[in-house]
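Contents: one structure, followed by commentary.
Order as written gives the chain letters A, B, C and D; numbering starts at 1 within each chain.
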């Protein structure tokens, strides 16, 4: 259970957010690398998975040093900070974007000492039984500094470590106690450990550098950024240990149907990543293909909403035979700190970020493809942009089914009643957005896009079919201020 | 003549740089707008024309207040600064990127007082007789704070103003004294003036807001960002004056063949801009078309180098029938302050910025389209990326002719001996880059791409045919340190 | 036990450092104040007690929000941050100065949640049994984020809270478990609690504002800064609770001889503070008086080393009849970030901070009074300054006995072998410093200076007589890197 | 004439401000020093003369590089900036404090190029005929970037340079054209020049380092900071030239009565400086002596208002026989960016900066000595502090006559009607301040305090007797916004 402050989207656009990206690297004994620099490079490549906060923990001879803060990787680190982080093992983390800096304590990795030594943990996912575990720990005198389920996870690992002989055993035992989505990297004085929940909700892969350093990362694009070779994905339920240059693997022993997040393919992951055997870019083009089959329409041009709508647009165009065109141009320089202009704020802020290409649009019947609709606030403005540029017709195609259900596994979907699709038919949505036709990818097609993927999918946000029971009482939007006042005394 | 410090390219990529973008806005009397906020929005849209420095000068009741600094628009301005810049008339400027902050004095607009009042000037272009004019002014006791030809321009306007009756006359008389490329906006207490040199080297257009505010901007994309209507381009040799909500126009009286910079269409301008009647995006697609005619090759996929190579790739694909594909993925989060990783720096820095999409490349014969080759340093690394991703063949197509000559009109092309094309045949270049074939757009085709453009072109950087005589002694790369020591006394 | 990184003194001067200053304020129910602003003002007044880090935790309707960072109070907080910290109860903390920013996690207050609610704690002092307690907590599965004994303290309070009925009981029970020096403020959702260890090592006082808000602060100067009335000191062993505008008090029940830190009077505290009934300024003048009795010498002028040597110099002058003069002028603008000049660094850095007043010194026999000698590095340079300015003789008088022993109660005294007095006679020290005579205050006199003080003193740093047993194995300078590697497994 | 924006005092205290401090250093040919580091050190020592802006211009082989900005020396420069400023000749400047950063263009040195080469100028003082000269230059086509009289000065030097054979001649000829107060340092490619106006309004002295580098500085305290030997003061009307390690001197040929600013001794200068032969500290003590003669009163203690009132208090005490005491304690950590607390702002801001020492004040008749009264706003609050601390009587003594007239020579005295002394008798002032008695130093005594000074004095701010005619029309408070709108055309 997460205690989180709801916030306004940090971009003018209306997207759901991934929670995190994780990374780990370990050099063989005797090999000196600047693990912090490698982590920095990798976190850049994973920046799309989280822009709220970033952190790196390095391990030099068993001593762990951690630097983290709110902000982008490029803001949190500079040359001096990295140079002061020697060590040949490291883990890193990015977390998604917010405006305030007041929740610095939620940044990861979490670096702690316990009775058996040091430990740093970076976590992507969301535990569904974190609330129960937290209460249990608190009843034992545990104190919490954050509202983060990762702190619960760390406590659990430490408590298990007291009862067993090694940190990897402790991680495995922990996997029997926690429920939900997690792709973890754990660093102890001598070991780098990666673990993925038995459902395989979130991606996690293994790479190898020329210099024999093993790497764990949320996505293969981080391996590519480092010039590392892709070895394989971490399997659902698997625990991988790198110690002294050797990779060992074991399985936690929990068997269940895999349920990888399908939205990783649709929007979250970088198109150049390959997750569990399937190319993200191709999955998006495939989605475009199915869209063109399920929702054909006579038109003159297919355009994509930059950046994430483009592959599906290309797929739609290729399969339908309607020419692909560039119809919306993105301003590369939009800053995160952009000051909203005075009047007509919201409309102008869309125009600043995107501009319609009149020569490509004017007088044409346009199919505009985007990856998803959340609140629907941006769609209307995009449609107006196209109509102002002279589009004869605007047909919207969405390369995912409508969002209708909350996610308990690490995606930040707004309150149900804020979703455009909530209690609305497609026709009602079409009218609100103001397009000539609107089509969503079907659930069936959605399950087929990730060609080559070896896992089953979780599509609960579309279907409501949760792969594990989610407690009734999980209130995703519990505010910090709602933490109940204590007993009558304090 | 510019006294400029040569610097290393601020991006890992190897591009020539545009010098500047300009903007101006004026409200009718009695109409209160926040001209600074509008200028800020417009400069965002023009940011691609210059990332070194940014500035805005506002005019409130005849008093001009200027804020400028090195850095991106988003770094130079914040809410507080803009809020402290009231006024209903403004001009703005962006300047291209460098690393040091030591040349703050070169930022624009230049705001000064003279005997007849205040003046602020923003300038895009380069004067070829600035050196002579400067010496003349210095011999008269003039002092210079910068190495900027704009300061020469301001002095000349002020000196002309002493001899005539209005600021617009002074600007017109100045046009008879200066030679070279200039698109100017000038703000006096009551007037906003735009002027474009008789050759029309650099673009400049006129727009109108719903609230009757006139706008001048380097490109139409700035009008779009403000939701302004495009009125027309400023003509070569034209001087436009906005006073009290009315637009007047005159011609400076110098007649000559127009010679708009063709490289604006190839690379500088934003694809959504329409310059002198021609769409930039379509010109790029057109360049791709001609490339496919002039340099056909059997291949499986056409890819573009993001972002500027993509339209030409689309054009190539469309005309050749070879499918367009996305083969290179750009990391959206590369920061300007990115810290170069330790080993294999340069190679890694390309990988960080771009990644090859293995699934789109593997086993395929690839045509990679880019807009230009300067030093050629990036090309080789991109080719390696593609080959590492399994490309069977790599054919490079460049949507411009080879750079072989310096530009004296506002483009920063490196020293001749740093250009890949310098003293090399296409075959020699092909070998250096390591591609299976290499083709450049022909000069003839290049002159045809801007369909609808009402002006003639300058393509001197490719052809060596300068539209105006350029003095032998213009040493484009004169260093600041080479300013000659003074006479034997001081 | 503290795990601390030794660092270089952050000032060019050679002083021992106080650990911390604490503050708390609580408004009666229904009374709305900006407790954060008051805490900010008070922390400014307490800034001399710690310049490393600063923090404030506010309580709004039972929800605690904490902001803290490394840096001075003025750097850690700004208007926006304070304005975003509403709430009518607050605690604050300042911590002493270091250069790195890497130990942000050691900043206070510590704000946590536990099973019974929220808690924030600010602590001045040092626990001698923190190591044992920490191990005990770790064996129970506790995790530690810092090397701070305050985290041990918080865990202990929370664990006690599980066993009793209120937070104040928990604090009282904790006092039976911890040993050492502590002046604490604790904030729970409804209560503000202050506690002082049974020996009364560190000061802590109670104040009251006109608007019925109760205040706790390390020194009375914080009350004065807020315009609050001084009520009384917190007694050694006392626990004070403010709840709903009412102040209650109880005693922890541990009876022992009081032992207030005498060095608070000599150097740490602000001269305008009154601690346990004795004026700090008058105590310093009194020290000067005893110095003049114990170490008389014929001279023309008595000068003090600014700022802390001045009161003793005035006292010496008054009692000896030798005129007081200003002989050393301090530069008010020396910045914390001062860049060391190239050559002759250290000498120049003293000259930058202090300058001798030639007209007051030239040809004169000078008595220079300072409060203490630690390593002795600055003394020699000051003496050279005076001799360069023409002093005929230089007699040094120190208003404290020589430092010879470590402090375990919250003062940062360097390693024994770095102390000038270590294994040296006064004559040997005199020769090293290069003065004509040198005199230290006697231990007997030192115990008499705080006229009116109601408590006994700890002078162990001078005498070696520790008021409580200090474990042999307490290694004050244990480095972080020396945290033992864990068992053979992790 | 200066065009300046009136601003609120940046300190809670009510003082007049000095305009500037200047510095120059030149190494003999072949001697490599880091002149920028020396300038930095010296500017620190001169920081009290100006806290608004700081700048350094260095000269490396004839090329001048300048860095300057608003802010304290420690904020404007850092290690990297200084390290990037190689060169063995430099000049520096500090300017007094303001809040906005919008007037960056007024920072000095001014570094320009002219027809004969480079030039950098730093200036302390104020020209009374700057307005006329400016108009003359403007009529000749000159443009101005700032509202600074130093820009006028630079133009004048450059214009003179065109007519004569060397920069030093140009400076001398300029001295015949400008009127008012100026202590200048000028740097050309090969020469460092210092000049002081014929009246000697502002101080300027010559020093020599062990390594044969000559130094010019506003005050001797800058020499001391560098460990330089004091050679002598620059004489009124003198021009000193350092070229290739040799110092030459000439006189501008204008003979007149000298009139050094007496307020330098009373408040502006650092107490450890010796100006024109007189010690500043001793002058202040002397002022205290005369005060005790002119305004005796029975009292128990004499206290000074820190920091500048202390020497006069010591002088008063010494001569009157009433004991000197410390009655007000200053908080060393008050930041420039201090956030004003909510209620009772102004009162609290005084309490934060100063606190009364109750034990020294209670029940006593107190004489409080301060150096001057400007608006009188602080005085009342200080008196309240003393009365709240139990003072039986408070007698205020001011070590200067009342301010009644504007200064045209470089001091920023508020508008006449804001001065407490304007149209008020001493008795009226006494009542407003709320003291038992009030005494100002007489004009006669004021003229005697700088014992040993070789020059006559300007005391026009007290006496109204201006040493040179000041034009009726000089409107010291002309606002920038009042620059008249231009002729009907622009």
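Heads up, the rule we're going with is that a residue touches a chain if its C-beta (ideal position, glycine included) is under 8 Å from a C-beta of that chain, and two chains touch if they have at least 3 such contacts.
In this text the structure is predicted, and so the values were computed from the model without any measurement.
Asks: Chains in contact with chain B and with chain D: which ones?
Replies: none
Asks: Since chain A and chain C are copies that touch, just let me know if over half of their interface numbering is common to both, same, or not, different.
Replies: same
Asks: Based on mean C-alpha positions, I'd like to know which chain lies farthest from chain C.
Replies: Most distant chain from chain C: B.
Asks: So, what's the distance in Å between the C-alpha centres of chain D and chain C?
Replies: Each chain reduced to its C-alpha mean, chain C and chain D end up 37 Å apart.
Asks: Could you grab the centroid distance between chain A and chain D? Build each centroid from C-alpha atoms only and quote it in angstrom.
Replies: Whole-Å distance between the two chain centres: 59.
Asks: For chain A and chain C, let me know how many angstrom lie between their CA-based centres, rounded off.
Replies: 46
Asks: Indicate the residues of chain A shared as contacts by at least two other chains.
Replies: none
Asks: By the touch definition up top, name every chain pair that qualifies.
Replies: A-B, A-C, B-D, C-D
Asks: What residues of chain B sit close enough to touch chain A in their complex?
Replies: Touching chain A from chain B are residues 34, 37-38, 40-41, 44-45, 47-48, 51, 72-75, 77-79, 82, 221, 224-227, 270-272, 274, 279, 281-282, 307, 310-311, 314, 318, 323-326, 329, 331-339, 341-342, 344, 347-348, 351-352, 355-360.
Asks: What residues of chain C sit close enough to touch chain A in their complex?
Replies: Its residues touching chain A are 61-63, 65, 67, 84, 100, 102, 110-119, 135, 137-145, 154-155, 158-159, 161-162, 165-167, 188-191, 480-481, 483, 485-487, 489-490.
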